[in-house]
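Going by the order they are written in, the chains are A, B, C and D; count residues from 1 in each one.
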Amino acid sequence: PIIDLNADLGESFGVWRLGDDEALLGVVTSANVACGFHAGDPLIMRRTCEAAVERGVAIGAQVSYRDLAGFGRREMDVAPEELTADVLYQLAALDGVARAAGGRVSYVKPHGALYNRAARDPAQAAAVLAAVAAYDRSLPVLTLPGSAVERAAPPYGITVVGECFADRAYTPEGGLVSRRLPGAVIEDAGQVAARSVRMAAEGLVTAADGSEVPVAARSICVHGDTPGAVRLARAVRDALEAAGVRVEAFAT
Amino acid sequence: PIIDLNADLGESFGVWRLGDDEALLGVVTSANVACGFHAGDPLIMRRTCEAAVERGVAIGAQVSYRDLAGFGRREMDVAPEELTADVLYQLAALDGVARAAGGRVSYVKPHGALYNRAARDPAQAAAVLAAVAAYDRSLPVLTLPGSAVERAAPPYGITVVGECFADRAYTPEGGLVSRRLPGAVIEDAGQVAARSVRMAAEGLVTAADGSEVPVAARSICVHGDTPGAVRLARAVRDALEAAGVRVEAFAT
Amino acid sequence: PIIDLNADLGESFGVWRLGDDEALLGVVTSANVACGFHAGDPLIMRRTCEAAVERGVAIGAQVSYRDLAGFGRREMDVAPEELTADVLYQLAALDGVARAAGGRVSYVKPHGALYNRAARDPAQAAAVLAAVAAYDRSLPVLTLPGSAVERAAPPYGITVVGECFADRAYTPEGGLVSRRLPGAVIEDAGQVAARSVRMAAEGLVTAADGSEVPVAARSICVHGDTPGAVRLARAVRDALEAAGVRVEAFAT
Amino acid sequence: PIIDLNADLGESFGVWRLGDDEALLGVVTSANVACGFHAGDPLIMRRTCEAAVERGVAIGAQVSYRDLAGFGRREMDVAPEELTADVLYQLAALDGVARAAGGRVSYVKPHGALYNRAARDPAQAAAVLAAVAAYDRSLPVLTLPGSAVERAAPPYGITVVGECFADRAYTPEGGLVSRRLPGAVIEDAGQVAARSVRMAAEGLVTAADGSEVPVAARSICVHGDTPGAVRLARAVRDALEAAGVRVEAFAT
């Protein structure tokens, strides 16, 4: 079995720091790097790409709504044509910065509210895909299995890669339990690590009702915004490796 | 003799329009396209690039300070490392957008206050050049002959292209008469056209004191922010062609 | 009968101009002045307030989502607490600027997507009202009759003032026909003027199906973004005055 | 003897945190609250004002250049008229937010690069003062003794209040030793505390060359951006109180 570990990086802005990028780069195989629209100024993007290249971590364009004040977490009714241009701009900017650092963007992952909206809204999903197709049709897009992005991808000729969440409770249908409900987030490190291994090795997760649900994911999303989160990510990686799962980027 | 005509394009933003891009694209051979930091949102950048490609006009990255409210016209003490990253980001973004439109960025021209500051400040000049070198060393930079950008370019291996201004009065030293002084801007279309021809054909301009000054320019900068400006640009081009000067982009 | 005419003003930004504020100030009795979040930088706000004070036009705070790139026309899922703070900030800023110009803000009108969203979403409606109440409970809020803003206002002790649109077709229920449908916007000046008079004098409008619909409005919204729009607004005012309707601000 | 302790607060933005405001509010008597141009979104401004009011700490408007990406630390050539409007806007916005929290703005302190530029540039100094005068002539402005702000103030009828820096080395002329020089910042807590007491009680500081320099300051500026900084501020306050100096805001 083989799995990728992805996390958000480069989400500082100007004088403000967020997340422990240095520590995360020692854990993950794919870095979703902010492109300036929800976080990440050009200098931070450059340093993040340099660090990712140095550590051999794949760089993904974490494209977002234009919303620094809301960190890209607020859904916006952006017209498809505008959204496509916004995503194209961010993707091109990060790729240029990554290439100047000796690397390149090798996948795209929408951020925050755009991730959620594009997962269920065919118009915004198509707008994101159109941007990727306009820039480089060979770049895969990381998304939720079964999302509107996945359904909209074929005509664009774009590969969609599914991800799963080791620290989130799943519904019997294979969706995520809403964060507003109790038990939505699993905090016990041992449990999260064990779920990761099962997801990677068997493609299964135990849903909130105890049923077994298939998870078709090539990547596990981990977090790094708190010291505890980084330790959890480390525990996930250690458990995967101990179980003989190869931890490797899905794109290069 | 051969000369290029360059002008600023794509300087609208969101709902706000600026300049008659459509008309200008029928006149110039090089379009300095705004990259989002002083003007130009991604959708406007995309449409501007598409129109330039369609008309066979070369696309230049008009990079700027991050200052939408001031339209990039206010000098800023940006640290070199930050400025390099800002320029790299803009250049890469526009190039990606241009490539999606079937073209590409073929030169760089700093905008407004950055143009003026980089023309005299070796640190900011070097910061701009470092960005271009990091992205694509083969891209020429359009600047004032004799500027700090020109002087700083050799170690970066970057070609500098000089431009002149047909509607501006020159000092006997070959500099521009400050806009704060009377007579700094020449408004008579016939006079501007005649100066253009002389600059292109003989490499000479009559300075404010009547002396003859050499002008080493491969491009003439024209403006398009008013209907009168576009007519003036048209008159310049017509006069150049009537005089047998080839009007052609310096970069492709 | 008495009626107010309101229009959006001060929607330029930096170097970009929008609308003919000078002409509109000679027509309307209430100016919805942009507060910097969708348009209007501080200098434009100041000049707009000075002009409004000079012409005796009432100043309203045209509060918006924080979205310059989208001109506040894109709905955003802003959390109520954030929205309240955003509206309070804009309202206070404009009021201070207006007072420095010898006037003051005398009402509030949400702009664009916030206007539409708050008209149907009780949470965003309440968030806007909470901001007004926190700043000055005596300021009325201009909205669509029957909107969620109107319904949510009583506990805040805030007066809601209804407005109508002389150039928009109405449904038999008294709502506006969607702009996506044909006939939604009435362009004939004579017809628009006649409808205005009837709305002001009789409180009635003929709906798209020919039925008569009551319109409880103390203000008519006019536009000024094109030369034609200003002429139309002028025609409305002339017709109102010719019909003996007093054209007067609802707030002072 | 009596002295005020001031520090920058409310310098978070959106999701990003900066400084330990809670701890600082237990130490200082005046809070320089960011107004949204270099830091501080409306919700953060509101919470900071509420906390300041609750703790009885005076609120000052920490006005800045419009430069979130640079945290207001980059000098900008802003035209006086624009700068006045920018400062007026920020001041009015924060005052409205403070009043909604049961307090009010009781002084103004320019931030970062604007502080430094206005301290030596009469045009920018006058622009800041003009804004304060336009809003409320009774508000004092906190600045460096002997600065251009102090010199430009009389015609505006504005009171200028001098501040000193307990952790900075002074020149024999009473200026600050540049941060680029060694020894510019004093890190030993005991020394900083002792200097504070002497500044407050005797109006004297020992300059870098050993000479005694008069310091005419009604406020001491302390920092809170690191845990060490807060401890240092606490040590300063404790030493002042132990020496019988009354620690009290200069404005209410």
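Here is the rule we use: a contact is a pair of C-beta atoms (placed from the backbone, for glycine too) under 8 Å apart; a residue touches a chain by one contact, two chains touch by 3 or more.
Small disclaimer: the values here were computed from a predicted structure and weren't measured.
Chemist: What chains touch chain B and also chain C?
Modeler: The common neighbours are A, D.
Chemist: What is the touch distance from chain A to chain C, in steps?
Modeler: Step count on the best path from chain A to chain C: 1.
Chemist: For the pairs A-D and A-B, output the one whose chains share more C-beta pairs in contact.
Modeler: Of the two interfaces, A-D and A-B, more C-beta pairs touch across A-B.
Chemist: How far is the middle of chain A from the middle of chain B, if each middle is the mean of its Cα atoms, in Å?
Modeler: 40
Chemist: Considering chain A alone, which of its residues make contact with at least two other chains?
Modeler: Where chain A meets two or more other chains at a single residue, that happens at 41, 69-70, 82.
Chemist: Could you draw the chains as nodes, link the ones that touch, and say if you get a line, ring, star, complete or other?
Modeler: Contact map by chain: complete.
Chemist: In the complex, go through chain D and note every residue touching chain B.
Modeler: Touch list, chain D to chain B: 66-67, 69-70, 74-79, 82, 113.
Chemist: Spell out the residues on chain C that touch chain B in their complex, using ranges where they run on.
Modeler: Within the complex, chain C contacts chain B at residues 12-18, 39, 41, 68-71, 73.
Chemist: Under the stated contact criterion, what part of chain B meets chain A in this complex?
Modeler: 36, 41-43, 45-46, 81-82, 85-86, 88-97, 99-100, 134-135
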